[in-house]
Structures are given as C-alpha cells and as structure tokens.
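Supplied in structure tokens, the structure appears directly below.
Chain lettering (A, B, C and D) follows the sequence in which the chains are written, and residue indices restart at 1 in each chain.
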Amino acid sequence: MSEAVTNSGYLKRKVYWWLERPDRAATGPWLLEIALIVLITLNVAAVILETVDSIYTRWGLALNLFEGFSLFVFVVEYAARLWVATENPSYKTRAAWAVSPIAIIDLLAILPALLYLFFPVDLRLLRTFRMLRLLKLTRYSPALGMLLAVFEEEAGAFFAGFFILMVMLIFAASGAWLAEHEAQPEAFGSIPAAMWWAMATLTTVGYGDVTPVTVAGKIFGAAITVIGIGMAALPAGIIASGLNDQLHRRRASLEREFRKALEDGDICDADEAVIEAVRKQLGLSRRAADHIRNRVHAETMSQADHCPTCGQTVQKGKP
Amino acid sequence: MSEAVTNSGYLKRKVYWWLERPDRAATGPWLLEIALIVLITLNVAAVILETVDSIYTRWGLALNLFEGFSLFVFVVEYAARLWVATENPSYKTRAAWAVSPIAIIDLLAILPALLYLFFPVDLRLLRTFRMLRLLKLTRYSPALGMLLAVFEEEAGAFFAGFFILMVMLIFAASGAWLAEHEAQPEAFGSIPAAMWWAMATLTTVGYGDVTPVTVAGKIFGAAITVIGIGMAALPAGIIASGLNDQLHRRRASLEREFRKALEDGDICDADEAVIEAVRKQLGLSRRAADHIRNRVHAETMSQADHCPTCGQTVQKGKP
Amino acid sequence: MSEAVTNSGYLKRKVYWWLERPDRAATGPWLLEIALIVLITLNVAAVILETVDSIYTRWGLALNLFEGFSLFVFVVEYAARLWVATENPSYKTRAAWAVSPIAIIDLLAILPALLYLFFPVDLRLLRTFRMLRLLKLTRYSPALGMLLAVFEEEAGAFFAGFFILMVMLIFAASGAWLAEHEAQPEAFGSIPAAMWWAMATLTTVGYGDVTPVTVAGKIFGAAITVIGIGMAALPAGIIASGLNDQLHRRRASLEREFRKALEDGDICDADEAVIEAVRKQLGLSRRAADHIRNRVHAETMSQADHCPTCGQTVQKGKP
Amino acid sequence: MSEAVTNSGYLKRKVYWWLERPDRAATGPWLLEIALIVLITLNVAAVILETVDSIYTRWGLALNLFEGFSLFVFVVEYAARLWVATENPSYKTRAAWAVSPIAIIDLLAILPALLYLFFPVDLRLLRTFRMLRLLKLTRYSPALGMLLAVFEEEAGAFFAGFFILMVMLIFAASGAWLAEHEAQPEAFGSIPAAMWWAMATLTTVGYGDVTPVTVAGKIFGAAITVIGIGMAALPAGIIASGLNDQLHRRRASLEREFRKALEDGDICDADEAVIEAVRKQLGLSRRAADHIRNRVHAETMSQADHCPTCGQTVQKGKP
C-alpha cells in the first residue's frame, strides 16, 4: 500500500514535470507543449472552417472526429493538471488551482462540449464557446504577461478614457441626431441610431455607410471628429506610458538581482541560473538583461576604485 | 434657539458626511454614491431612449414621471450640497462652491429642466441639455482627474497640434479643390466643400462618400494622407508623453510622503492613513504604491549600513 | 541732420518695440499682435469663402476690397520688419533677417498678390498662394516651437519610418495587383493604380471605394493591413518618444537656471524674471516650472542639513 | 607574381574603400553611393511603370534595356562586394558575408532575373521579385537601424500584441457571424467571410464594403470596435516605449564615450573622431550629442570643485 502511494507520488511528480516544465531545458515536456499548442490552434481552425458550408458538407465527419479527439485530450489534460496541482508551489491545493484564471479557461474549453453530450444545445452557440479554447494559448507567452499587467495596472486610466469616450459618443450622437434627424430619418432618426455613426467616426473606423448630409451635420461632424482624434489616441498614450513604466520596474527588479549576485565579488553559475529565471519570468529580452549587466558591472568596477560622485578612494570589501 | 443652531450644525455635518464622504470606509455614504451614479446613468439612458419614437409612444408617461423624479432628486442634491459647502475645507463659503466647475455642472444638470417648467422651450434642445447630467459622473473617478490634468498641462502642445492640423486641413482642401473641382463640382466645388473630404482623410476616418477621382487628385490625396498620419498621431504622442510625466511627478510626491513617514524610523498607522489618502488623491494604483514603498525601504535599509555612493559607514539616527 | 538721425533711431526703436515686443508685459504691442492675428485669420477665411460661388457672386467686391486692405497692411508690416531688423540682436543685418524662415514666409504672403498687379496669373493658383499667409501665425505660438523641434530632431527616425512605409506601400500594391488585376482591371490594373488602395489601407483611412474582391486578394489585403497597423503607429511612437525627450531636456535646462539662481542663497526678482523668460522660451507650462522649483528647493534645503546620500552633516556656504 | 598579388591586394583595398566607405568624408565613394541609390530607386520606379499597359506598349524596349543595364550593375556590385568581403573586419571570410542579411538581399535582387535568362518564368512574378531591390536601400539609413532594433528587441511584445489581435479578430468574426449570417449570407455566411469585416474594423480601416445591418450585429460591432481601439493602439505604445528605451541606452553609450574621453582632462581631436563615429553608428542626432556633451562637461566641472551630493571639496586629478 505504501509502495502504491510512493508510486503514485512518483507518477504525480513525473506528470507535473511533463505538464508544467519547471526545468525549462527538458526536451520531452517542450515537445508536449508544442503538441498542445498545435492541437489548440488546429481546433480553433476547425471551428472556423466548420462554419463554411462547402467544407462542412464535405469534411463534416472528419471535423467531428477531430473534435471528439481534441475534447478527449483536453479532458485528460484538465484532469491531469487538477491531479498534479498539489505539486505546484503556487497553488498547493486542488481547489486553489481550480479557481485560478488559467484553470477556469481550461474548464470553459471542455465544459460546453461535455454538456452537449447530455443536453441538446444550439450548435452555433456551442461553436462560439469552443472558440474559448484559443485562450488556452495564453499559458505559453511570457511577454503577454507584461501586456496584461499593463492593462491591469492602468485599469483606472483605461476606465477613465472609456468614460470620456462614452461621454463624447453620447454628445456626438445627440448633436448628429439634432442636425440630421429630419434629412435622414432612417440613419439619424433617434439617438441610438445616430450612435452607430458616432461610434464609427470617433473610433476613426469610418465605414461610410452613414454620413451626415446637411451642412450643419457636416460642420458638427467635422468638429467632433477633429476633437475625437485625441480620444482614439488615448489608449495608445496609456499603453505607451504603462509599458514604459512596467519595463522600468522590471528592469529595476533585474538590476537588484544582479547587484545581489555581485555582492560577493563575482556572478557564479548558480547566480546566473537565478538571474536567467528572473529574466524569463519578467519577460525581459536577453539584450536588455545584458545591458543591465554591463551597467551594474561598470558601476561596481568604478566603485572599487573611487566613489563616482565624491571621487574619494574607497576600498571594496570594507565599506 | 441655541439648541436649534446646534441641531442644525449637527445635521449639516451629517449631511456633509453623507454627501462628500470624507471618511472613505463608511458604507452608508458609499451606498448613496452608488444610488446617485445609477440614477445619473438611468437618466441619460432615458433621454437616449426617449428619442426612439416607438419607445416614446409606449413608455412616454413613465419616462416623463422618471424625469420628474430625477429632477426632484437633483434639485434636492444641489440644494443640500450648496447648504453644506461651508463644511468643506476646500471651499469654505457657498459662493466659492457655487462657482467651482463641478457645482456649475450640477446647476446645468437642473437649470434647463427647471426653466422648462416656466417657459416653453424646444423639447429636442432640452433633451440635449439633459445630456449634460452625464458630466455629473466626473465627480466619482480619481483616474479621470489625472487624464484631465494631462489635457490641462499639455494644453499648449494640444493647441499647437491643433494649429498644425488646421494648416494641413486648409492646404489639403485647397489642393483637392484645385485638382478636383472640375471633375466633381458637387463634392469639391469650393474649399469649404473640399474640407469635408480633407477632414475625413487627415483624421483617417475615411468615410469614402467623397474621394478624388482624377489622377492629380489621387496623387495629391495620397501624398497628403501619408504626411497626415504623423498628424493624427500627434495627440497620441502628446498624451503618452504627458501621462508619463504626470505619473513621474505623482510618484515623486508619494515617494516624498513615504520618506517623510520613514524619518522617525517606522511607518505607523497614522502615516499609513495619510499615505493611503495621498495615493487615492493622486489616482495611483496600489501596486505602484507598493513598488515605491519597497524602493524607499530598500534605500533606507542600505543607508543604515553605508552610503550607496561613497561606501562610507553611516550610523542611522545620527547623520 | 543729426537730429533727424536721432529721430529716425528713436522711431526705429519704437517700431521695433511695437512689432517684436521684447518687453512682454506691454499692452500696446499685445493689441497690435492680436489685431494681426485676427487679420491673418480673416484673410484665410476670405480666401476659403471666395471659392464658394454663391458667396463670391454676392460679396465679391467686399472680399476684393478686404484683400486689397490686407495686402497693404502686410506690405507695410514686411517693410517695417525689414527696416527694424537691425535693432534685433538675433539678426543684426537686414539681409540676415530677410533669409530667415519667418521672413521668407512674410515675403511669400505678399509676393504672389503683388506680382498679380503686374502680370495676369491664374486666379485659382493665386488663391492657393494666398493661403500661405496662414503660416504667418507660426510666429505667435511658443509650444509650436517644441513640436517643430521634435520633427527636426527626429527627422532621421521619421525618414526611416517613411522609408518603411514606402516599402510596404510598394509591396502591398504589387501583391494586390498580382491578386486582383484580372478581377478588377479598373482599380488594380497596374501597380500605380493599386497604390491608391494600398495607401488608403496602410494609413487606415480605408475609403472603401476600391477593395479586393477575390479570396487571394482579401487574404493578402488582411495580412498586409494587420502588419500595417504597426506602420501607421510609427509616427505616434516617434513623436511620443521625441516629445518626452524634448521635455526632459528643456526641464533640465530650466532646472539649471533655478540652481544657478539659488547659488547665492535666494531667488531675487531679477532671477525670477530671467527664469520666467527662459520658461517661456522653452515653452514649458507654469505648473511644470513650479514642480521643478519645489524639487530644487527641497534638495537645496536637505543639502543644507546633510548630504541626502551619505547622511553626513554639511554646512551650506562652505562646501 | 608577388607584384600581381600586391596589385590585387591594393585593388581590393581600393574597391573596398569605394564600396564600403570606411572614411566617411571621402567624396568619390559618396558619389558612388548616391549613384547606386538613384539606380535602385529608378529600378523600382521602372518595375512599377512597366505594369501600366500604355507605358509598357510605348517604352517597353527602353525599360527592358534599362533592366538589362541595372542587372549588369547589380551583378558587378554583388561580385565586387563578395570579393572585398575579406577586407571588412566585421565578416573576414566571404562565406560569412554571403550569409549576412544585407548580402542575401543583394543576392535576391539579382537571382530571379538571372534565373529568367535560363528558365522561362512568369513575368508578373518576376516583376514582384525585382521589387525586392528596394530592400537594397536599407544599407544607407542609420536611423533605420534604430527602428529595426526596436522591432527586434520588442519582438516578444509585438508577438503578444499580435496574439491579442488574433484572439479579438476571431471573437469579433464569430460574434458577427452569429448575429448577421441570416441577414447577410453573402458577407457573414461563415466565420472566414466575417473575418474580412472584423479585420477592417479592428484595424480601424473601415472600408464599409461590408457592415452589420441587424440591431444585434450593430451593438456587437460597436462594442468590439470600442474595445478594439485599444488594440490598434498597442503597436504605437510598444514602439513608443521601445524607441524611448533604445534612445536612452544609446545615449548612455555615447555618454560613456564622452566620459572616457574626458578622463585625461580634455577632448582631443582623436577623441572627437571616435565620438563622432560612435554617434553616427548609434544613429543619434548631432544636437542630442551636444546636449550629452554639455551635461558631461557641466558635471565634470562641478566635480572639480566639490561633490554634488556631499558638498565636500574634491581636488580633480587626485581622486
């Protein structure tokens, strides 16, 4: 019995190693990761192609078989990840893993299709839900983490920008409705109708299916559009500012690691491994890391000789 | 008599506490705030829906009753805010509050509807004025303050950008008029007419209702559009640069608070409350604050041991 | 004779003072400036309105008289500025002023109309040249100087961005021509023709007058458009980065002024005047200047007590 | 024999000097560079014009002769560059040069046309390949290097942004297909068909050839478009942040050069030449370099007197 427990423990650690790849250099888990990425991509492609009638008529059976196979793989994957969650130092309990965002995505990727086995649901709606499998890919991109962190951190600014956009949308639609509702009762007959034009204009999409025709409408439309380019530019500004900020902070973190590693005089191999892991986790490029390393090195060198600001001779080691 | 004054004073402080929520943790005022936000939102939704004929025919009475109720609430709110303005350390007198931007918005939200009770005005115009109630929401977003500060601070740059855009608009319209006014006398018959095309092009909206058709017009249009992408990008650049700047300054302010709090060795609860208040007022995220706190801590720690630049041993407390 | 020279010298200094306003607080020159700005604006408005047939038919005479009056004022202004150029420390000789960009703009604003008095030229072309008077306004905006400095400084980056855009335009047009020239011989019959679509697409204007219709054309068009959003974003990125940079440098300059003024212990009124002049010349906002002043003050204060990094007591005045 | 080797060596150095211009001030190589740039530009113009039937009918022979001449020049240029590659310290061997990106571009510029001499290939495809000659121009722009470095460095962020865009594209197309496929079976009959609309909308191109017509489709389309402006803004944000970063790093490099040159008290002519070469290689503007020089000078000056942080007197030369 004890042996079975040990075996199960060994198997669990093995499965954990295959699925979560704590040792980033291993080939096996890397191949499994590639295989899963390909499967997810093919899956989404299959859902997209299914909606083309001519393809579905011809390849419907193959696509359904592929869906069955994928569902099986994803269910097994979910079960395995749930089982080994106790090995993961970030979660510890299975319940903790199950409510994490990435686990919810994994569940949403299989639940609708599983439900369909028991209840008849609308096939088109099911297809849309199967699209959610695409989100499983988020697990594999480190730089995505930085972008999502920007969105999270700047949520307040985005919300404020969204509020400004909403105010402008409503005023633009009201003004266009006032100016155009007699000339074009179809497109500008009510404020909700005029909002379609206002949305297309303020986001600079500009379909052109509806445009003001009266002089008053054109003058108002032109004025609001010119003011509106500032609006459409807001997200770019927020993202640029936020990304800049994230990069600074993350680089400061990496710099701290370098300084810590250099305190005992040199960067040993163990230090290198730690720094490399931190670099990857922070989603920083290798070149950025090299730049930080060079700067820290140069500063430490000159500190060994003399303080860069006072110019006083300082003996390293005895501060 | 004195008792009545005291009662009135007590009531005023109470109303002030409910309306302005100086103690941010209280539940009652928070619920009132939510209720007002919902009422404002529903109000704007009502004005929008009223313009849809089929809805107005059916729900006109209900919408009018709701408008009456909202007007009553907003009038009471305005009167109450005016009454308690003397409690607010930022204004002190009622007149000072009444001319503040947010008070003027509050007044504009009720005045047109009040006037309508006495004078017959155009109903459509009245509706557009009722839209101004949307601006009452500005009171509730701290991040909006940062964005508006960027617009205010960079007003000079925005104005210069607007001037460049105007110059380009006028030259684009003149050029297109020269090239196209014979081929398309309807759309390009005069410079003001050609401006509609120029505006849609330079803001990259591109409705497509009017486009150049002659070879000269297309070449000129293409050239001005390619140059124009720099134009449409100007606001994004200004906002990104301004936001970055605001963030730096606000973080520097918060850092000063942390340093001040750390001068006596530790951050006590009173310090924490002050810092939290400053953080909220500055519209900075909790994470940004934590990052600043960590950096200040780390610097103070290393200062305790030795100066980070000279490397000389320094005893903290006796500088 | 000597008296006449002195009188002429006095008159010249007076005219210089009225036109160039070295003493920024004077009311008279300020009113003249406003009058000139209004005249320039009205002039451009007149040219725009002249192209509307109905207006020209009715108000043609008034517009022509106004043009005559404006031309007279601008000629007098040019002559006066040329005459007083010797008073201006930046130019010294009249020839130096006459070849400066702003003087060339002033000349271009009058030359075509003057030539027209002697040679019959195309009236429509003349109007377009009269538009150049708009550029006379550049003299009056300090923030515009900062924007133009960004364009000048980042000229290399803009040129590189323009080159990338050109390469993409040509490849997009070639690909679309390959895919579509059989299906739509009108719009995609040659690469130059396909460039109209490519331009409208890559700048995200998207008129929609020409769009790919074949499957290959749509797939290629979609791919190039998605890649192209990075392109259209390039100028925004360059401007944001350049503005940021300009602001940093200009603030560093202003900071140096503050530090210089503080070296003798306090900022006297003369220092204030110098700093204010530098601030205006740099196009920085008053608030930004106050922020710099506070920081410099705080640093100088704490330096008086002890070095902020070492913590050693330092006596101000005897470093 | 030895003399022939020496002659060949001399010739090789001479050709290397003409082609690669290590001495940037020489006039001869500069003229050759200009001539090659003009030839490349004319070549691309020729390919573009060839696709216009009326021009090809009339000038076909001249264009073919010009193509023959250009091909000859480019083949000679490629052979010469390959021959002198051993002189170039960056490559040393000919194989190393031949696999460098710029050499591959040079090869692609001649290979298709050379192949055409022996095998009959599709003339239209050949033209598209001849367009690749445009890429030969990348050799001549230093600022382009900085932009490409930004793309390379931020590849992770761009890829993440591209992934987010793909997810949004697929969800937008799925939603529009659900809402519109009954009303518009032509344009929204399948998800791939709906992607054309989704692409045009999310990139804010907005052709308007296909737009939602149902109420559900319009509401969904408006919502996804408003969310999407953040998307289209992502590249701008990434580029702005990356460019900023590149500039900082490059300036830090140049600053290091200035400090190194100043260590022995003054910047001699040899130092100036090194700094100028580094500045050009980094693609920094002369003004930016001057700004760095001034700052470094000012710091070194004040260091000579006293440490800017401690305020202690420090004698320069004996740190």
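In the analysis below, contacts are C-beta pairs under 8 Å (C-beta built on N, C-alpha and C of every residue); 3 or more make two chains touch, one makes a residue touch a chain.
In this text, all values refer to a predicted model and were calculated from it rather than measured experimentally.
Visitor: If you line up contacts by residue number, which pair in C-D, A-C or B-D shares over half of them with A-D? Let me know.
Guide: C-D
Visitor: Name the chain whose C-alpha centroid is most distant from the C-alpha centroid of chain B.
Guide: D
Visitor: Report, in whole Å, the distance between the mean C-alpha point of chain A and the mean C-alpha point of chain B.
Guide: The mean C-alpha positions of chain A and chain B differ by 28 Å.
Visitor: Based only on mean CA positions, could you tell me how far chain B sits from chain D in angstrom?
Guide: 40
Visitor: Return the residues of chain C touching two or more other chains; collapse runs of consecutive numbers into ranges.
Guide: 200, 204-208, 233, 236-238, 240, 244, 307, 309-310, 312
Visitor: Mind pulling up the chain A residues that touch chain B in the complex?
Guide: Residues 153-157, 159-161, 163-164, 166-167, 170-171, 173-175, 177-178, 189-193, 200-201, 204-208, 211, 218, 222, 225-226, 228-230, 233-234, 236-238, 240-241, 244-245, 249, 252, 256, 303, 307-310, 312, 314, 316, 319 of chain A touch chain B in their complex.
Visitor: Spell out the residues on chain D that touch chain B in their complex, using ranges where they run on.
Guide: 204-208, 233, 236-237, 240, 309-310
Visitor: Under the touch definition given earlier, write down the residues of chain C that touch chain B in their complex.
Guide: That would be residues 44, 47-49, 51-53, 124-125, 127-128, 131, 134-135, 137, 141-144, 146-147, 158, 162, 165, 195-196, 199-200, 203-209, 232-233, 235-240, 242-244, 247, 283, 285, 287-288, 291, 295, 298, 305-307, 309-313 of chain C.
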